[in-house]
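A, B, C and D label the chains in the order they appear, each numbered from 1.
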Amino acid sequence: MSQFRARLAANRAVGEYRHLVFITSAEIGPVRPGHFAALAVGGPDSAMLLRRAFSIHRAHAKTSAGTSIELIVSAKGPGTKWLVAQPEGTVVDMVAPLGKPFQLPKQAVPCVLVAGGYGAAPMIALAEELRSRGCRVDVVVGASTESKLYGVLDLKRMADSITVTTDDGTQGFQGLVSDVLPDVMRRADSAVVYACGPMGMLRAVSKVAASTGAIAQCAVEEAMACGVGVCMTCVLPVIGDDGVTRMVRSCTDGPVFRGDRVRWDAVGTVPDDALGAPTSAGH
Amino acid sequence: MSQFRARLAANRAVGEYRHLVFITSAEIGPVRPGHFAALAVGGPDSAMLLRRAFSIHRAHAKTSAGTSIELIVSAKGPGTKWLVAQPEGTVVDMVAPLGKPFQLPKQAVPCVLVAGGYGAAPMIALAEELRSRGCRVDVVVGASTESKLYGVLDLKRMADSITVTTDDGTQGFQGLVSDVLPDVMRRADSAVVYACGPMGMLRAVSKVAASTGAIAQCAVEEAMACGVGVCMTCVLPVIGDDGVTRMVRSCTDGPVFRGDRVRWDAVGTVPDDALGAPTSAGH
Amino acid sequence: MAVDISTALARLQLPAPVLTASGCAGYGRELDPYFDITAIGAVVTKSIMLEPRSGRPTPRMAETPSGMINSIGLQGSGIESFIEHDLAWLRKRGARTIVSIAGNNVLEFGRLARRLRMVEGIAGIEINISCPNVANRGLVFACHAGSAAEVVAEVRKHAAPGIPLLAKLSPDVTDIVEIAHAVIEAGADGLAMINTLLGMVIDPVTLRPHLGGRTGGLSGPAIRPVAVRAVYQVHAAMPQVPILGMGGIRTGRDALEFIAAGASAVSVGTAIFNDPSAPLRIQNELTDEIAAHGFTSLRAAIGIAHRPA
Amino acid sequence: MAVDISTALARLQLPAPVLTASGCAGYGRELDPYFDITAIGAVVTKSIMLEPRSGRPTPRMAETPSGMINSIGLQGSGIESFIEHDLAWLRKRGARTIVSIAGNNVLEFGRLARRLRMVEGIAGIEINISCPNVANRGLVFACHAGSAAEVVAEVRKHAAPGIPLLAKLSPDVTDIVEIAHAVIEAGADGLAMINTLLGMVIDPVTLRPHLGGRTGGLSGPAIRPVAVRAVYQVHAAMPQVPILGMGGIRTGRDALEFIAAGASAVSVGTAIFNDPSAPLRIQNELTDEIAAHGFTSLRAAIGIAHRPA
């Protein structure tokens, strides 16, 4: 993890998202699928102080120009709206790579990748990585609607099978990724599920994985202020190796967690059996 | 005075200043020399809330494109730095024309224009106006150094005489405008002095005018928050027709004041004989 | 779907919920070129004192991150001039007017109320107790329940019977609910909150306090979370007391935060310096927000943040 | 020209004037990748409590104009784990460490101080009295001179003799000077100020309080003028008392405002979330500012805003 300035080299629309390519001359550590970047937004006189976190879509080590870092950004609030509106040449302050990436299987086991919306951002690099290890790769990509699907073609090229779902049926099966996942996993005999998307999806995916005995690797998205582990805002209840539930930081202990370790039903709360719960008041 | 959105159509360097041309389709009232515009800066997510005031350099009524408003901007703090850094096409919220402009003589009397730094911004239009009324126009332009002089060539074209001063002697006489002003006024037998520049200069010019019995019309520059008369931050001590000193708003009662009416020595204070002085605490 | 945005501050019925904040809108006249000042809830005047007052020396303000700090010093030409010129204009213009009053001591507040009793066309009085009590070491009335209540009782005693009185509270207190209770007990019909936070900016060049008055009042979006919290706390403690909420309102969404926290109406201050048409713009944005949330009236949204989701 | 930036907080000598703010720098370790944590004045730890504590439910923060609001709820793994893992690491790393402690009642503060007495490598203790007193209706210790002094006296009684004690003050009081006097009387060697302002953000969609904890602490540049004012007031009243100033410091210029107002050192908090290398960057900027003003030492600038220009 290092902090550096990066120049926006390309900013183009992909469906409802923007594909941003940043170039930096800085030496940054090895980037693995699941790592994320935290960007400062708005410039020096901005009223926005907090960092914005984005999965690293791709990172290419030293070209002549430097290292490129690619993000897929959905304009949601003021910070992301500012970011996608930047012209090429804008320089931003970035911290990357951050967090714990997806854990890769030692053996060449069948893997299924499940992505919701921009959750597909890290999946293409992950699919490549798994293929290079000889794993079978099946893919399930979903979104609320067609324009919010990402990476379908790229993933199709690499995957042994791909299944697309949209809530409104504008492309692929009408429904949720979790509706089609059991079939896909049965067909492929998947041993590991890699998932990235909204909490609800991750929760459903973990349930499916649990029922088939597969391992689930889920990249969560909790609201972050710093991205580097000092603000304690990004916590969720996770069961440790000792069986104890703790409120852990998704930016440093995550964003990738084992699905069976996250207390999905309790996200947004502090379970009574969590270490140090219940809280008395205090900030 | 109206509030409208204006598009930055041109932004080019002139010495150490930037010449900004804005275009608006809005109908705005007649603009006279000495009027100013108040701009919101920094965009929607900016930490900067207060308006920035600038003398209107030129304003051309309805071309096909709309009305153009030209400003000469010196990058001082964050707001002006933001403004001069904007690319063409940037849309800003502007309020103009504001304030009381220079009063023009009824008869074709000899006038001298005194400008310090970007204080020359309104002087070119003023010179034209005075010439059109048949007034003799002499000009004294000064700045700390050559690169901070503005409008010398334009003014030379229109003036019967022009005298340039710089504190460091990089152009014209080394010294202050007030050093050369008495000679200029004696030679031209000036009846009215129009001045725009720093307080110190206006004070000196007013003194010179007083000594020769000429009328001084001074455009002052007091820190402004709103520009429209509601915040009461832009006040300075001015003697009214009734001989009473009041703290008056330079944005609505000014920025142009008669030099013999401003309590120059007391600017930045509340003179004991001002109406309602001394203040007890309280905001 | 049309939304009913009418509201009330105690006896004061208002056709619309957005007002100007005292000291940020002059006497209404300055803003009339930018929006129809009769279209908003009311104009709250700059605080009026008995005598003309020059205010503080300049610099009187500094821009701060998402806010500003000011030390105007209640400059004004006094109540007589206000009634003769400014109030007369407001009445002719047909603007609802809430007169903000400020005194150097308790008795002055009473004299101001008595003077206003003799004039027509005043919708209500906002009592600015966030000013220093010259009679008591310059301690701010609003910072102590006793002095705050004393001022309100004195105004109640002398003001026209039935005229709505709003006591304007300062956030610079340990327990704003205690002050709120005291001024309501003393006869205020409602509360205006919040006034500015006491702050200071040091000039980066001179390394001395930037303001002529050394300290000044911090305002603008920077203080909004403090203002929303204050309104929420007071509404929770005394839900029946009408609140005029303010502090950093810049958009309709900001205004809705105050309504949800328990305000019956809101005032817009510093945002006017950024956008002279802000009050009406914010009122229109607020109306759209209320409709977007599916409410048919503003009243339905008042205090909703206190109800289970 | 080299500038001497060494300073002191009472007995605590510091080679450099910029520290981290409690709760904004973890236990130092997280920031070490971004700057040399031994190069700044000291690391002030997240407030430590006796027992492990889960903190508040999420959402725990909201961005606000030029600031943020948080309700972390003092999450931590308790003093034993802190000493065993975090403090051990800090000592090995050679970072000066100020341990911030927080208790649910007066006695817990004493027990924390006693426990720390037995460990090496602590430069000082910051007493976070800006937390609720569970034993007394959750009233915040720092909001009342009595309870604030009680906590400090208890810590003094049990802490290692001679270890510098800083009492951390809350700005949410009517008279911060009164509280400052009380904690100094009670045995604090210096003051850390300010903690966050109590605030609230209403979620624009649900129209309910955004934070899991409903109210939270407002921090960041938005509150800087309040913090500078507080430091200035307290330094004016008790110039001999060392102050660790904080509240919205984002640049060396901001830091210099606090030094000029009377702080002997400063802490950087929220700015770290914007820029993880902020503490050292700000220290370097401050050094340049001091030189640019022609001072040969930081000490020469302390409190200069109080002297005639």
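In this text, a residue touches a chain if its C-beta (ideal position, glycine included) is under 8 Å from a C-beta of that chain, and two chains touch if they have at least 3 such contacts.
No experiment lies behind these values; they were computed from the predicted model shown.
Enquirer: Farthest chain from subunit B, going by mean C-alpha coordinates, please.
Expert: A
Enquirer: Looking at A-D and B-D, which pair shares more C-beta contacts?
Expert: Between B-D and A-D, contacts are more numerous in A-D.
Enquirer: Using CA atom averages as chain centres, what separation in Å is found between subunit B and subunit C?
Expert: The answer is 35 Å.
Enquirer: Centre to centre, by mean C-alpha position, how many angstrom separate subunit B and subunit D?
Expert: The mean C-alpha positions of subunit B and subunit D differ by 47 Å.
Enquirer: Could you put a whole-Å number on the gap between the CA centroids of subunit A and subunit B?
Expert: Their C-alpha centroids are separated by 55 Å.
Enquirer: Give the residues of subunit A that touch two or more other chains, as numbers and ranges in rising order.
Expert: As it turns out, subunit A has residues touching two or more other chains at 47-48.
Enquirer: For subunit C, which residues are shared contacts with two or more other chains?
Expert: Subunit C, residues with two or more chain partners: 65-67, 216, 220-221.
Enquirer: So how do the chains connect up here, line, ring, star, complete, or something else (other)?
Expert: Looks like everything touches everything, fully connected.
Enquirer: Residue numbers of subunit A touching subunit C in their complex, please.
Expert: My answer: residues 47.
Enquirer: Under the touch definition given earlier, write down the residues of subunit B that touch subunit C in their complex.
Expert: Per the touch definition, subunit B meets subunit C at residues 1-3, 40, 47-51, 93, 95, 222-223, 225-226, 228-236, 246-247, 252, 267-270, 274-283.
Enquirer: List the residues on subunit C that touch subunit D in their complex, please.
Expert: For this pair, the touching residues of subunit C are 64-67, 69, 143-144, 172-175, 197-202, 204, 206-209, 215-216, 218, 220-226, 228-229, 232, 248, 253, 256-257, 260-261, 289, 293, 301, 304-305, 309.
Enquirer: Mind listing the subunit C positions that touch subunit A in their complex?
Expert: Counting only subunit C, the residues touching subunit A are 65-66, 221.
Enquirer: Note which residues of subunit B are touching subunit A in the complex, please.
Expert: Residues in contact with subunit A: 42, 44-48, 78, 82, 87.
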